[in-house]
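The next part holds the structures, each set out as structure tokens.
Two complexes are shown next, each including chain A; its partner changes from chain B in the first to chain C in the second.
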Partner chain A sequence: MPTVTIDERQVTVDPGTSILEAAKKLGIFIPHYCYHPRLTIVDACRMCLVEVKGAPKLVTSCSNAVADNMVVFTDTPKVEEARQSVLEFLLINHPLDCPICDKSGECLLQNYYFCHSRKPSRFKENKVKKHKVVDLGPKIVLDSERCIVCTRCVRFCKEVAGEEILGIFNRADHSEIGVFPGKKLENNYQGNLADVCPVGALTARDFRFKCRSWFLCQIDTICPGCSNGCNAVVHFTLRNFNGLKGQRVFRLTPRENNDVNKVWLCDVGRWGYAFVDSIDRLTMPAMRKGEDFVKTDWNTALKETANRLKTLVERYGANAIGVIPSPHLTNEDLYALKCLFGCLLKIANIDFKVPGFDKGEDDKILLKADRHPNTKGAELLGLSGTGLSVEAMMDKVKAGEIKALYLAGSDPVKYMGEKAEEALSRAELVIFQGTNFNASCKLAHIVLPGATFVEKEGTFTNYQGRVQKVNKALEPLGEAMADWEIFTRLGQMLGVFPSYRSAEEVFMDIAREVAPFAGITYKKIGSQGIKLTLPEGPVLSEAKE
Partner chain B sequence: MKIVTQKLTTKESLYFFEIAKGLWITARHFVKNMYFHIAHLYGKYQEVPAAVTIQYPEEKIPVSKRWRGNHRINSRPDGSPRCVACMLCETVCPVQCIHIIAGEHPDPNIEKYPVSFDVDVTRCCWCGMCEEACPVDAIYMDTGKTPEPGYSREDLVYHKEQLLKETPLPNYQRSLNTPGQGPMKANPMGL
Partner chain C sequence: MAEPILSRNFGKKDSHTLQVYVEGGGYEAMKKALKEMKPEQIIQEVDKSGLKGRGGAGFPVGKKWSFIPKESPKPKYLVINADEGEPGTFKDRQIMEQDPHAVVEGAIITCFAVGIHWAGIYVRGEYVKSIERLEGAIEEAYAKGYLGKNILETGFDLDIVVHRGAGAYICGEETALLESFEGKKGQPRKKPPFPAIVGLFQGPTVINNIESTASIPHIIKNGGEWWNNLGAPGIGGGVRLFSVSGHVKKPGVYELPMGIPLREIIYTHAGGIRGDKKLKAVIPGGSSAPVLKPEEIDVPMEFVSLAKIGSMAGSGAVIVMDEDTNLVQVLRVLLNFYAHESCGKCTPCREGTGWMAKIIERIEKGEGQSEDLDTIVSIANGIRTRTLCPLGDAAIGPAISFVTKFRQEFEDYIKRH
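After this line comes the complex of A and B, so read on.
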């Protein structure tokens, strides 16, 4: 284990570690462009030069491994001068259109210029003009003038996305990034190109010109796109004026988690946030009157729901009600649902496994076939296999044995088509609780608006059984409420039910009652999540009365 | 604190003499101004000013050359706005009265342009920071106008089309690119 001295501080690292990584361990940041912790080292940008005692010249810290008793200096005048020269060269042909560049505010060229150089340009000649607004596909736009040819995007396509699509064309200051002839940039990981690009050369069309980076707030979240549970950061704005057309969430960017998504995020998840602010969001509780829905307030809607459920249970027994929760809901929501329907109303027909819900496309990198973030959580909480399956429920609804269906975020019409449509239209009572209007919602009698993943606190359990936390970024749209809150209010109307005031309280109960979650708290989950010790076979927990 | 009360003299306490003194001052100003106003009508004593009253709103007070009035957007030679929708004015605005929606310009060399540019003058505090922040000389507050009253708040939100039509007041010092002040200076970004 070599011990190195960096800026007069000692650190012992594994053999083969680069100077840059060893310095990072000490909290010393060495500026760099081409180095990326998940890509191969190419030594292209020369920004990470440091001084090593005994070496005749400055060395690149990203490609040189540490040796025992090495003495490194990262902020000597010689190093600073080298950084300034590198920046001066990079800025020679850079168009300096920061005001209209989407990257500005989070651009490494900008940041390092202000940290290390701050010198006016001495370049008198004409700048080399290159292509601007090059269409690299429907999702990514390239601006060759801004490019500093660090080749991070080229390496990303080759090493992570699995296909050599991008390359460098021409020589010297005329070099440009481009797509190889006959190939197209159409993989599922293009969004990461905009993330790995240290400057504004590659920008995502989805985010382009929508918002300046400094207007955005950030909060840690989990991508709700599939059961992989990639760690992400949601960028949202609290500004509100007519022109934004109600858009509050602007993008999702990946967050590092070595056990789940490394530092990547797939396009399906990254650009799947649109439903949060879409026009079909449910914002008010509503009840059916004839063909139309009439908006009401929460008290009326919940009282109506409670009364009708109570009457049905009294008249036909608990088996006349079917509950179809969605694995889109958080563990907290599902636990409250289980408490309400399983324990309080003694309904056995709870099943989240709508046929075909996990039959998406699996791309073998990040995206999983199951496009629901909390399938494992729903399984662990015992929301399947206690009674009839969804298919059997639909048959019984048609036969008239099941009178009411409670759809908690699920959309059986989407997966089962006509069969579900027929069943839903025949049922005496259909209650839909969810975030957006859909085909199943259309057939409901009572509609209760729920909150999306950015509007509530909670936890998702990914396919590995890792519990990860989503945070509340925004207030629910309109009068929507977090699902656990709806179940709590409904439960209190129907009988004795714990009075949860926050998602954390619900989670404390989960930790107490459900074996695999024992001893876990929000604090222990932290930002990286915590892996559950999964028992063998199906888990059927006894939730409390 | 010491309170000093001024005792009136016998002459002042008699009231009559003071009234007469006051009437004399008023009458003197009246006669003097009347004399010079009539004299001005006949073209005499032009150099002696008579009492000053500005007949607002028919007559406007000339404003200083650096006075900040309503906003305007500078245009390119083809009439489109010089604004590149960088939103720096929106960022620097302390009262958040500017709202810009950016769009993709068909010309790749311009790249970004404002689809809408709204200035809410009900919120504006006339600080002029938007002018200072603008990297392309697009926004100016040199129209020399004050906002006109409106019947609704929406009347006082100025849109891009209105702002483009405004012209700078001649001889203003706020603008680099006022007409009649020599050739247009190249803006720093070359946009």
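After this line comes the complex of A and C, so read on.
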């Protein structure tokens, strides 16, 4: 293994490691544009030039591998002069429109200019005019004048999204990125183009002109879009001047996890966050009065719920209640639900497998057919197969044997259509606990507003059995409450129930009670998650790698 | 004057046909190589000949061949670079149009020596006649059994195809040429890996210039030492074709020994300056070669001597400028050329060439200032050695040399306008 000296510090790396990556190991950052650790190397931007002892000229650190006893300098006057020169070149034809550019604040032209140059421009000529506001599709907008032709986007489409769609048109300083004639940018990974673009050339339509990047806070999360559990960062603002109607979450960006999503995020997941601040969010508990819902407070709503459930169990037995949780809920939510309905109320009819819930389209890259982040968790917590299936529950409601349905985040009407609609209309009691109004909620008698994945702490177990953590970025909208908290409060009204004060406390119980989770703590899960040792045999019917 | 070698068929009636070529002793070297010589012997002879690449970089041809791995899981290729685009250069065109069989014969010997069974000739798109002539020669060679399967019953197979470029200067750069040959946008590749290891379609590839290839049959026929001795005493390396253009009485292609003094080319062979005017400046090796002043023209025209005085032998294109030449205009034309032809892949060349061109255009329009000249030099220094391929350094050759060697003329122009 070669040992290399970089800026008078030594590091030993695998053969073939580039100078740039070796320097990274020492914590030395070499500025670069075209290089991206997940894409092929093109050696084009010339920003990563460094001095190698004995070499007649500066060498590109992205494409040159270290050799044993190599001596590298990354911050000599010669290197700094080269960086300034490259920056000057990149900026001569750039429109310098930072005040209206969405990339501003997180742009590598800005960052490197302020780190390495800060020189006034000597350019007195007319800038090259190029195409602006080019629709590359419904999701991505191109501004060619801001483009530095690093070709990260071209390579991303070809190498990651699997489509040769983008190319460079024209030559010299008229070079522009574009879509090949007769082709369309249609893949499910376009959001990554805005991420890999180091400058403001490619911007996501979803984010354009919505918020300056420096107003955004970031917190680690897990994309709730499917069972893959891609690691992500949620960007949100605490400066919401518009009450309940304002946008608080502005985007999801990928976070590196080599075992799950590398550094990518699909568009379905990335832009699935809109429900968090959408107009149909449930913000207050409510109860049906005739055709209408009437807002109420938590105490009233929970008391009503507890009393009616209690009465039904006393009158018809526990089998007269069916519970349909959603695999959108966290392990903590689901465990509290299980404690409440399974252990305390002895209800056997709990099933999260609403027919068709896992029948989306698998894109063979990241997006899984099952569009729920915690199916494996629900499975491991035993929320299916203890009693009737969802389908059988609906039949029993029609037959009058099941009197009440508790929908915890689930929307059977969406998947089962008329059959569920009919059952829900006939049931004596339908309780809907969830984040947004939907067709199933419409038929409920009591509505309990739940918190979304950015408004609560908890864990999801992805399709591989990897437990990963979501974090609370924002307070629940209005009076919404984390689902585990709702179950805890209901539980305490109905009998002896643990007084959970945080999701972590719930998780500690999971780790104690549910075998595959044994010994796991939030600390151990960390930012990259922990893969469970799963019991033998098919845990999940649709399990696929 | 010595017997012409490379240009011996130039000007003959039907010189492009197999019949005329064979009458002049053509394809004898091929027979000798395939029937009497071992591949290693051929490489040795070419090594001994001191033949350096005639495209511009001047890399020893024999050495280039020896880099090709003997055993390769992927097919090996010969690519002949006929993308003759260096401004001032028009000698490969003469070979292709007037003596295409020399290229075919040279290709056969090269492929036999290196163990290649497929060769492609990448011809500049504008060279329509060259393409026709090459295709005609290849057809005749196939008919005669010099190409195809089992050539001369030696068991050696070779196919040659002609590929027409689309007229981009950058495709003369070998890795951009390979990209273009593969059907991609002509932009240079990062090196290493070098084409000898990973070249056309990922296979090991020899890339030779047309003139280099056409020289091979002569080297094989008469021996490497003979060829080497054709060069100027103490310099060697054989003869080469000089494309002489500009303000001389007799512009044209001249076959002369390597190392002949520049003065001799201009005044003896090309007949001196048109109208017997004074010489002002001369570009010795294609537009990328830094310009020389009249007091520098005693330099021997070969790679080392020209490099010593800060210029280069390049493609052997001599561009002569007399005392009436407006160097501001000349530099504007040259810098516009590079700005137009930069492929746009790497930053310094993409942005720097365009910037220099805009400044010189402004100066020509009379809106320049003295410090603009310093800016040009400083931009050029920002490009120097920092680009992915040699086009960047090619563009700054004229920029720096014109502005520094003729600074006074540029200053005067700025003052006058």
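Rule of thumb we're sticking to: the second predicted complex is superposed on the first by the 532 of 545 C-alpha atoms of A that agree within 3 Å, B and C clash if a C-alpha of one lies under 4 Å from a C-alpha of the other, contacts with A are read in each partner's own complex, and residues count from 1 in each chain.
The criterion applied here is as follows: a contact is a pair of C-beta atoms (placed from the backbone, for glycine too) under 8 Å apart; a residue touches a chain by one contact, two chains touch by 3 or more.
The structure presented is a predicted model; accordingly, all values stated were derived computationally and were not measured.
Superposition of the two structures on chain A shows chain C fitting alongside chain B with no clash.
On the chain A superposition, the C-alpha centres give an angle at chain A of 90° between chain B and chain C, rounded to a multiple of 10. Once chain A of one complex is fitted onto chain A of the other, the partner contacts of A:41 are limited to chain C, with no touch recorded for chain B.
In the superposition on chain A, A:99 contacts chain B only, with no contact to chain C. Applying the stated contact rule after C-alpha superposition, one finds that A:164 touches neither chain B nor chain C.
When the two complexes are overlaid on their common chain A, residue A:259 makes contact with neither chain B nor chain C. Between chain B and chain C, C contacts the larger number of chain A residues. When both complexes are overlaid on chain A, the residue A:208 reaches chain B alone and has no touch with chain C. Contacts of A:132 after superposition: chain B is touched, whereas chain C is not reached. This overlay, made by fitting chain A, leaves chain B and chain C with a least C-alpha separation of 21 Å. Within the complex formed with chain A, the chain B residues making contact are 84-88, 91, 96, 99-104, 108-109, 111-112, 116, 118, 135-136, 189, 191. Residues of chain A that touch chain B in their complex: 96-97, 99-100, 131-133, 208-210, 212, 214-215, 239, 241-244. Looking at the complex, you find that chain C touches chain A at residues 168, 170, 185, 187, 190, 339-348, 350-355, 358-359, 362, 375, 382, 385-388. Residues of chain A that touch chain C in their complex: 41-47, 49, 56-58, 60, 63, 82, 85-86, 88-90, 92-93, 122-126, 128, 148-149, 167-168, 170-175.
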